[in-house]
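Please go over the structures that come below.
Each of the two complexes below includes chain A, the first together with chain B, the second together with chain C.
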Partner chain A sequence: MTDTALAHGPVAERRRGEGLTATALLAPATIFVALCLLAPLVILFRYSLNEFIPTKKMMVEAVTVANYVKFFTDPYYTAILLTTVRVSVTVTLACLILGFPLAYVVARTQSRFKNLLIILTVLPLFVGNAVRAAGWMTIFGNKGFLNTTLQWLGLIDKPLEIMFTEKAVIIGIIAVNLPFMVLTLQSVIEGIDRAVEEAAFSLGAPPITMFRRVLWPLALPGILAGTILTFILAMNAYATPFLLGGPLFKMMAPLVYNQFTQQSNWPFGGAIAFILMAVTLVLTLAANLLFQRRARSDLGR
Partner chain B sequence: MAEALAVIRRRAGRWALNGAATLALAYILLPLIFVIWLAFFRQEIPSFPPEGYSLKWFAAILDQRKFVDGFSLSFEVGVLATAIGLALGVPAALCLVRYNFTWRGPLANLLLLPVVVPGVVLGTAMYVFHVEVENGLDVDVLGTFYALVSGHIVIVIPWVVRLVTASLSGVDRATEEAAQNLGANPWVTFWRITLPAIRPGIVAGALFGFVTSFGNLEMSLFLVGPGRTTLPIVILQYLEWKIDPTIAAVSVVQILLIGTAMLITDRYVKLSRVI
Partner chain C sequence: MARLDIHSLAKRYGDFYAVRDVSLSVADGEFLVLLGPSGCGKTTTLRMVAGFIEPTAGHVKLGGTDVTLLPPWKRNAGMVFQSYALFPHLTVAQNVAFGLEMRKLPRADIDKRVDEALALVRLGGHGGRLPRQLSGGQQQRVALARALAIRPDVLLLDEPLSNLDAKLRQEVRVEIRELQRQLGLTTVMVTHDQEEALTMADRLVVMNEGSVRQVGTQRDLYERPTDRFVAGFVGRSTFLEGAIEAPGRFRTDGGLALACTGSGSGRGVLALRPERLQVAAAPIDGLDNRLSGTVEFVSYLGALIDIHVRLSPADRLVVQIANREGGFTPEVGQSVHVAWPASAGLVFTE
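Coming up: the complex of A and B.
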């Protein structure tokens, strides 16, 4: 042991050593993320306060909220925001309704195929949104599976127009987000003791009552987490609206891309990016508050 | 009588439940099933019913350099980003679980932030950042391989931190202390005790990190240079113009590779426990 360490005592040395170790462990990752994520976000925000001269396609340094004002005063852009929110809410509700039974079955099954079920649920997540959009294109196209089948059955005369509509986009995003909802709900349901459900049944509760009074309240944290995750993902969707919505259907993420690459309007593109994040955050927080109040009143009953 | 009714009701409930679950699973898998079906069509146009079946589209993939190039770039970027992401993320997770300090919460959130920020926003922000760095330091950044990798490391880190943190909190500290009491230094303790205990978390973090990087589309759109794009971007740009069995065959190859990787990983780490 060195003289200085003796002077400060072994405990102090150990403390300092621990502090150093902790810093050495955490600092590289933190610095990397700060440099490659935080700094870029700060610069993008700064850009969103700049001015843009459309005739010269040039950015001029300024400090103005004009880009934000432009977004909220132009009905063209507010309509895109509204479409994005509407699609996201629809998708989230559909995912909750469709996802709950599957999550419950996966969580409660005793079968040895449980892992296979989980892999089948997760696999589509990993093959990319574009590939899944391709699948829907094959189904919905004019000569696609759906139209050919319906015409063959004599149910319709001319092909239904689903491709390049909001319907196609909603159907597509539901399929993209459903696995996230199922996985979140499944992990929460697995944590709920089976005996609680059995108790409700043995006291004579029909399945619906058991679900409403036992399962739903206990699973509420997971329902909230899954809902928020699904909602955020839907708000940020890019590939699905781009491929299934066609050139005329607009959502926020493709709009940001368009402003950046086609219009070269970086300040406005930056502003839209921050509006998208802010709206998502505000709606998420609102849902959180609403759920918590509901949960409290449920407990009170 | 009432009891019999209750049994019937419960059985009906079970059937309804299983039916609904099957429906949801079918919904998730439906687009993949159709892509796989399309890959084996004989004719080029995706019309139903197919005129016949053929394997020629799989051979056609190799004729199109862009798919092969896109795959190799995605693979290189994915491997490099995962390796560096592990090197940065595993120590960070160790620190976040083992030490208690004032900034722990905010710093943990910072490392998990990249999952919450929309891909398009990540891409645009990094793009303007690269422009600034290029102008400020007078070096090539925009559209370079390393700029692309740095972006991908950012999206790999949250997966590593989350999954390694989760598996670390299940490790008993007493074993580590026992090793140190028996004279092992911190390095030996880490290699011989901690690392084997958190291996499932590391494997899962690496798998999810790699797959996230490999499949990333939105952020990469802004980071790739002219002439060299990743596989998801090649697929997106192709689908913007047309859908045919070639692109479906490319997708089938991708599905097979990822499915195999998941089955192999599942043998070491039960996927149901890490997700």
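Coming up: the complex of A and C.
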């Protein structure tokens, strides 16, 4: 008895010491997240249940779902939600289609300029979204770079209507999100043995079949991660739709901002913020489940 | 199965020739091994046969058909990779079935041939497992089964044993060789391990710096190496620097006059196999070369003993003796006599 107690004593003590160290290391981040992320969310959610009476003092304490009902019953707002989802899905698919070949090349290159390629991929992130959107404005405008060039070449008579349309916003957000997609995919593709692709070739699979049967299923975790990341960023895009979409084009994030600052309607702004968050979460989870079921049925085949 | 012919194959990267003017023929059912140090071009040659690398010049013919310009998926070459390259997301049976599905065989035939292939490598009943649930040796056999299932015209093995531990490697060598004979597979294997090459091959190709140095059987390469590189790479040789003084007479830089075979003139090296030399404490009679020296270093290898003997300030050679009961036991610093017949020394001139 005493022997075991003696033997366990110092070990248990060390364990406790390790536990304390771990707690000490985790505490700052935990406190930060609790204070700066969870607390505002809780407060905002509470606000979203309040009433808004402009003639009185704007926000009146209450517990009501009126703000949520208002959003889903007014076609003006549901249209904005639909636009946001449509733009985000389009952007995400485009990023996947454009990003995969790029990520593949960066991952597989033997060139000594590989690091340079990675830096070039990340370089756009060094420029803020707003600055970049301003840059796109000079390209897309009726007298912008694109239209002047096309007209000068004689390819078009009238300027193309891109600026202040959904097209401009989609192109803008793709440009912002592509690096995230490429980096995520690249790291996953790098983890796939090149010889596995060659094995598929040597067994008689042409490139497209190899991609479908080998590369795609093996890259699926990265595809999911990149897709989710891109989708969330697109759903919450603010500067790009605001600057490239113009006054008539609306997406959710600028709408939230508008409610808070222009309308001073905090309860409704809070409700929209939570609707945006919930829709993003639900769609992401749904896509995740769908992908995983597909992957499993591929395996079973 | 089919014969494989390689004509003047070359691969150039910029100014660097990875493979230069390689011509080889592998007969139907023959096991050919490409042997050489890393970077000698053996793997590049194999990958050009598989179709993964496009040659700069030359031709690859499989069963008489020129496949040089065909992509790998149209070549019907079964390949076993160093890393095995099993599809990690597919089961063992699905891995083996992959090539058969690409050939659009009916499901029943595929299942039958998968079972056959797995039985061949003694993995029947493991079909439902995932590769990561198997040991390294089992994974290697799945890779082999997958390559065999497509009934390839040629089987290509890229250092297939290098990821196995030493003991398993010896077993698998014999297994692959027996399977290859039994099925009459035309096979090309790449390895840097000479023991592996010698045990498995019908014929060997020694490569260095992108070129073929010698092609032949184990005995050809060992008894009659055509150059210094082969003499040093296949088996072991001690090299004494010097020059041919007269036909059959070699003078080392240390001043020793030695009887040798081989023609030519001028500077060169005398290559001696350590196990063809005799060593004793007393003088040895009846051999062409009889010298004395001092033991400088002894390595005790168990069944064999290596003895490094200094013959002159510039000449040192290695003698290998069997560790027999009551045999010669050298000690460092001891004076010994070394002797060998003229036929044991090969001269390679520069």
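To be clear about the criterion, the second predicted complex is superposed on the first by the 284 of 301 C-alpha atoms of A that agree within 3 Å, B and C clash if a C-alpha of one lies under 4 Å from a C-alpha of the other, contacts with A are read in each partner's own complex, and residues count from 1 in each chain.
Going forward, a residue touches a chain if its C-beta (ideal position, glycine included) is under 8 Å from a C-beta of that chain, and two chains touch if they have at least 3 such contacts.
It should be emphasised that the depicted structure is a prediction, and the values quoted were computed from it without experimental measurement.
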Message = If we overlay the two complexes on their shared chain A, which of chain B and chain C does A:209 touch? Say first, second, both or neither.
response = second
Task = Using the touch definition from the top, say if A:182 reaches chain B (first), chain C (second), both or neither.
result = first
Request  = Look at A:201 in the shared chain and tell me whether it touches chain B only, chain C only, both, or neither; answer first, second, both or neither.
outcome  = both
Task = Using the superposition on chain A described above, determine whether A:155 touches chain B (first), chain C (second), both, or neither.
result = neither
Message = In the overlaid three-chain picture, which partner chain does A:243 touch, first (chain B) or second (chain C), both, or neither?
response = first
First, second, both or neither for A:132, with chain B first and chain C second = first
Request  = Give one of first, second, both or neither to describe whether A:34 is in contact with chain B, with chain C, with both, or with none.
outcome  = first
Remark   = Larger residue footprint on chain A, choosing between chain B and chain C, goes to B
Query = Is A:102 touching the first partner chain B, the second partner chain C, both, or neither of them?
reply = first
Query = Between chain B (first) and chain C (second), which does A:217 come into contact with in this model arrangement: first, second, both, or neither?
reply = second
Query = Where on chain A do the contacts with chain B and the contacts with chain C coincide?
reply = 201, 204, 206
Residue ranges of chain A in contact with chain B within the complex = 18, 21-22, 24-26, 28-30, 32-34, 36-41, 43-44, 47, 98-99, 101-102, 104-106, 114-115, 117-124, 126-139, 141, 143-145, 148-149, 172, 174-175, 178-179, 182-183, 187, 201, 204, 206-207, 232, 235-236, 238-239, 242-243, 253-254, 256-257, 260, 266, 269-270, 273-274, 276-277, 280
Message = So in the complex, the part of chain C that touches chain A is made up of which residues?
response = 50-52, 71-79, 81-83, 85-90, 98-99, 102-103, 146-147, 150, 156
Task = Would you mind writing out the residues of chain A in touch with chain C in their complex?
result = 193, 195-196, 198-206, 209, 213-214, 217-218, 299
Note = Given the complex, residues on chain B that touch chain A span 6, 9-10, 13, 17-18, 20-21, 23-25, 27-35, 37-38, 45-49, 87-89, 91-92, 94-96, 98-99, 101, 107, 110-111, 113-114, 116-129, 132, 150-151, 153-154, 157, 161, 186, 211, 215, 217-218, 221-222, 232, 235-236, 239-240, 243, 247-248, 251, 254-255, 258-259, 262-263, 266, 270-272, 275
